[in-house]
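These notes open a run of structures that come right after.
One chain, chain A, appears in both complexes that follow, with chain B as partner in the first and chain C in the second.
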Partner chain A sequence: MSRGSRRRLPWRMLVWLTLVWLMLWGRLSTGTLLAGIAIAALVTTTLPLPAVEFQGGIHPFATARLVGRFILDLVRASIQVTLLALNPSRTPSGAVIRVHLRSESDLYLTLTAELSTLVPGSLVVEANRQTGVLHLHILDVDALGGIEKVRADTLGIEARVLRALASDDELAAAGLTRSGRDERRVEQT
Partner chain B sequence: MLCSKSTLLVLLLAHAAAALGAPTLVSWLGRRAFLVLALVPGSAAAWALGQTAAVTSGEGPTMTLSWIPALGIDLAFRLDTLSWLMVLLVGGVGALVLVYCSAYFSPASGNLGRFAAFFVGFAGAMLGLVTSDNLVQLYVFWELTTVFSYLLIGHYTTRKSSRRAATKAILVTTAGGLVMLIGIVLIGDLSGTYSITDIVAAPPTGPVAVTAVVLLLVGAASKSALVPLHFWLPAAMAAPTPVSAYLHAAAMVKAGIYLVARLAPGYAGLEAWQLMILVLGGFSLVMGGYQALRQHDLKLLLAYGTVSQLGLLAILLGAGSRATALAGLALLGAHAMFKASLFLVVGLVDAATGTRDLRNLSAIWRRLPVTAVMAALAMASMIGLPPFAGFVAKEAALESLLHGGASPAWLDIALLVAFVAGSVLTVAYGLRLWWGAFATKATIPEIEPVRVIRPPLLLLAPAALLAVGGLAVAVLPGLGDQVLSPYANTYPAGEPGHLTLWPGLTPALVISLGMLAAGVGLFAIRDRVERWQATHQGPLDADNVYRRTLRGLDLFAADLTSLFQRGSLPFYLGIVLLMVVILPGGAMALGTSLPDRISLRGGVPQLLVGALVVVATILTVRSRRRLKAVILTGITGYGTAMLFFLYGAPDLALDQVLVETITLVVFVLVLRRLPAYFSNRPLAADRWVRLGIGIAVAVTVAGFAMVVPQARLEPPVSAALPQEAVAFGGGSNVVNVILVDVRAWDTMGEISVLVAAATGIASLTFLRSRTRDSRRPRDHVPGELPVLGLGDPDPMAPLRRPGTSSGSRSQEWLRGGRTLAPQRRSVVFEVTTRMLYHTMLVFAIWLLFSGHNAPGGGFAAGLITGLALAVRYLAGGRYELAEAAPLHPGLLLGSGLFLATGSGLIPILLGGEVLQTAIFDLTVPLIGEVHLITSTFFDIGVYLVVVGLMLDVLRSLGAEIDRQGEATGHDSDLVGPALEPAPPLRDRL
Partner chain C sequence: MSWDVVLDIAAAVCFVFAGLLSLAAGVGVLRFGDLLSRMHAGTKPQVLGVLLGLAGYGLRMRSGPVLWTVLLVALFQLLTAPVAAHMVGRAGYRTGKVSSDRLVVDELTSDLNRAQQDTRRTD
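Up next, the complex of A and B:
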């Protein structure tokens, strides 16, 4: 990371913070907008954090797909966990499984880990940035279709995250394509 | 007159400003700054000189500003003859001593800025004291001089003797001051006014008034070091000599005498007054002189001499006749000059030779001839040789005492005896002083001439000016007569006196000559006197009494503390809870009845939340693991927050949730260093007692809940609040308006407590100075993050070396992330923190500004910011915390308090009251209408204080404990596995 990139205006963060400000006030007016920009600039310049290299961009369709699938997973898993909780006779077959992610980036690793954790029934117990390995605790492996299926699902989350946000180079480095047709094949390897 | 009125205020403000600016000035100019500062008291003296004509004709400036009209307390100033004389002394001697300071201190000596500030501050307080025409205001200045005197005596903070002397002085004088305050309140209550002029004009009478006057005299005696409260003055000689010359000879010790002179016109006729003056003054006069004769330290000799002279002044100004009062005023001026001069000379001898023990000084007059002459002049004035001011004053005093007539005969005779005895002693110790400092003594080897440093002119001039002044004033006694009589003639009794340089061959002169001869004789047989004194110790030593009293107080405090402050938390809690049961619970049981009908409304949600809280509480009590107990306690807190929310108090709920979260974080930080499990269960009997207390408290509180709603008689104040909050506080969030407007004083008190608590936590945790710790990674050489042997004995340092990974995995998410051992880092935590940190801050800022109309406010915003900092600390370690907040928490706390106070004062400028809310409506182009509410700034102050507190907590309970753990190797969760040479992680998996 060069000095130049460190000093670069974090415009993505600025936009985001201004947006947050506007949403908090719940109204759009010139005053609020100007105040939002001013405060975003103030916060990011007086309390700086290291600049982050982000080569990708937001791909709307892939992002929509990521969000949609996540909501679907959320609903499905909620129902499963509820049923499990209401059925005391059933003994869940818990497991800790290891998933080796394909991307090299901390950001995608984190997003994958968080999305997995948010879905009830699975929880990231350890994330290793050096090796790109997630350890997931699964409440009931059988209900989710076995260890390999869970592993494939997690890799699927990663693939969707990458398609939503990553650059072409990063996708290629992870062995994925933008279209997603090869998904099944990759998951099976 | 208007001009001169405001001049006094300007002078006082100039002193304050000079005191505040003194440290800066000293850092710019070094010790030469004293010369600049001397202008300030000098200008006060010049102002008084300029007013001479007006004062003499009785038209001195007066000024009254309303301060607390409800209590009859005003800021009242006036310059009459007495004040005029005092202002001349305070300002003139002050300026001269400051000039002396500029040569006295070595350029390299430390803390000069502080010294200069206190010195000028003292001069200002003294100026205010002697011009006050209101007893309460006088008391304020009185105590200010005490505080400054304390700080100046304790100038050498590293010397134990200096600190002890300062403590002694402040204890004695504030004790006296408090006694005096009682007297002030009594007398003010009796006469219905605190104006000194009015009280003296129509003094209240009766037993209460007599008590009040006695109490006032006690205060005066403590301040003016009259026996038996004199012992702090000799001890105060631990102060630098300029302080002794100014505070303990010319100015502060005169405050008590000043009070005597102020009140004498009204009260000198009281028998109690006369008795006290005789006892206090007479004993001081004789005892002081007697003690001075046996001192070897020249400063101590002078100090006891001062005690003696103060006694004489008390007698003269308190005796009550016009003639003695005139003599007293003359002596007041003469004493200030000769005593300050003598102190300065002694300081000079001390500086030149390195000692002020007269047993080591011999033939100094040959080395310092001019100094010796100046000392002789001052000494001549002190012992009353013609033609010096001291002689004029003493002749007048003797004359008036011989004629008497103003007071009962017994008093006159007793005063005369004391006066004669004191004067003889004064001659003897005066001669002893000069002889001790300068004369050639056969038995003492001379100090090598080369080692005697010639004094610079700046050091000599002030002493010389004061000594020669004693001569100059005496040459014009008629002038003194004319200038000083106006005040002396306010005394009710006796013939007016006169000041003359040569009275002719009167009985008084004969007696004077006799006293001189006796004094010289006493000096001549000094060896025999000293031996006699050595074998005849006084039976009662006031200093001893003081020491024994303090020791007794210490022991009593220790006993009391060990009785109640046992250090057992269960004991404290038990006492507090039992008191709740006994006092309010008892009142409830005796004085109220249960309601007839109890309706269980609140619905299912409340029932569910209540059940959750109850279960969590029971589990908390039963848990054996500390962490479990803490988390369960947290659940009860969150449950309470939910109840707040259910009852429509989102603001409270928000604060409760935040506080609960922070409490959890702090608890976890502390628990790291505590055993995982609670210690063993107490004995069975204890458990029953605790259970009993718990049940009793539960029953009491439940009873309150049922009884209290019945107690309402008036419509609740909350009904009007929503409208009032908008109308007066300018905000629709009632809770916030209550906090920052309705009860802003309480909030102010609370944030002050927060500041104190934060400072307390930090000072308990930081074993070393807390200003130089929090290191940031960039303070270290790049690539060589703290490694052993680089000045930071940090055994964990090797673990923080960056990992050997490559590509975007080495991305730096947090600034201090690399300082953590790789095993300790959490990528998810780091990335999330990086993404959320700024958003949390923006959210906090929004809460801060929207809080006036919606849930939020400075408190909640501060907590969110604190949580953001906590997240960064938890994700990135202590170096990350230093990166996130490179500010010192003290700065945040201080500026927060400053902002809150400042915003409270703004409304005053707008003509409102302290902490009143002022609302501005501005129209700004582009932005539109902007509401500017002063209480928002108050809220920002609260915000800063809360953030400062959080930072202090994180730094002390987090980072500092980390550091201590690393230093001692006690970091339980890291030391074990991490110290082993870890194999590459990839291999282990």
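Up next, the complex of A and C:
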């Protein structure tokens, strides 16, 4: 599971699961805390997951930008789908496109895929972690301004995810800068 | 106007929009022509509808335990809805439920065919 090495205790997972337990109970007491820790320990030992590689840290400003933009996009995407659903005269022209992501990390691939399903008019049909390729279904190509626009939007989501979480090395490897100015244009093949 | 009234009105507004979005999601699932388009209706308006409903509930109840539960439900909704849509779309695609001729561009079918040829060659 963790490449032959002895597994360390998954501290983050333990803390998170205990926190979820406490949130479900809605109050902090010795009893709920102890029960939470016990259940978290039980879950992590009986159902172990492969460790997620994460070298970066959370950058507050970039994270705020990621979340803010996400909420805005979610509202926009919802309105768009709603209008399309309620408009009887319009038949959307769908498409399935391929987007090459820049980062190789599973975590960022997963986050980008999740966010791009929720936000612009796209939906992940296939995700390949070996090649870092997402296949997206687009509901209405014309409404979103064409296929290249959707590709650029998806790469934009990835860039915001990377700026929020990735380390400097990972950002540089993906050809991005922390501030987002003087961005390298990524050509699609 | 006291704070309670303001918060109640905000909650009411949230509930109305939550209802409208959920209705739109339902109409979309009925009206859209193919599997993948339907999944769009099942992810975007539906997720925002649930989030607004939860926000309305949190604003109306205004208590700690409710707030925490609402936060958890919102978080897991955001995490699981795209995965569910992805799994349905993927399964549909691989079992031939998605007809390529309804699409303007289809870069996955060609990619899958190429992958199949590659695996055959290595066998």
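Brief remarks follow.
Keep in mind that, in the parts below, the second predicted complex is superposed on the first by the 171 of 189 C-alpha atoms of A that agree within 3 Å, B and C clash if a C-alpha of one lies under 4 Å from a C-alpha of the other, contacts with A are read in each partner's own complex, and residues count from 1 in each chain.
Everything below uses one rule, namely that contacts are C-beta pairs under 8 Å (C-beta built on N, C-alpha and C of every residue); 3 or more make two chains touch, one makes a residue touch a chain.
Every value quoted in this text rests on a predicted model; they were computed, and no experiment measured them.
Of the two partner chains, chain C is the only one touched by A:77; chain B is not.
Once the two complexes are laid over each other on the shared chain, residue contacts for A:21 go to chain B alone; chain C is not touched.
Of the two partner chains placed around the shared chain by superposition, neither chain B nor chain C is touched by A:45.
Contact with chain C, but none with chain B, is seen for A:95 once the two complexes are overlaid on the shared chain. By the touch criterion stated above, A:167 is placed in contact with neither chain B nor chain C. Once the two complexes are laid over each other on the shared chain, residue contacts for A:114 go to chain B and to chain C alike.
Within chain A, the residues touching chain B in one complex and chain C in the other are 20, 24-25, 98, 113-114, 124, 127, 133.
Those residues of chain A that touch chain C in the complex are listed here as 20, 22-27, 74-75, 77-78, 80-82, 84-86, 88, 91-98, 113-115, 117-119, 121, 123-127, 133, 135, 137, 139, 141, 147. Note for the complex: chain A touches chain B at residues 1, 13, 16-17, 20-21, 24-25, 29-31, 34-35, 39-40, 43-44, 47, 49-50, 52-53, 98, 104-107, 109-110, 113-114, 124, 127-133.
Those residues of chain C that touch chain A in the complex are listed here as 20-21, 24-25, 27-28, 31-34, 36-37, 39-41, 43-45, 47-49, 51, 64-66, 68-69, 71-72, 78-79, 81-83, 85-86, 89-90, 93, 98, 102-109, 111. Chain B contributes residues 803, 805, 807-809, 811-815, 822, 825-828, 830-832, 834, 837-839, 841-843, 845-846, 850, 884, 924, 926-928, 930, 985-986, 989 to its touches with chain A in the complex.
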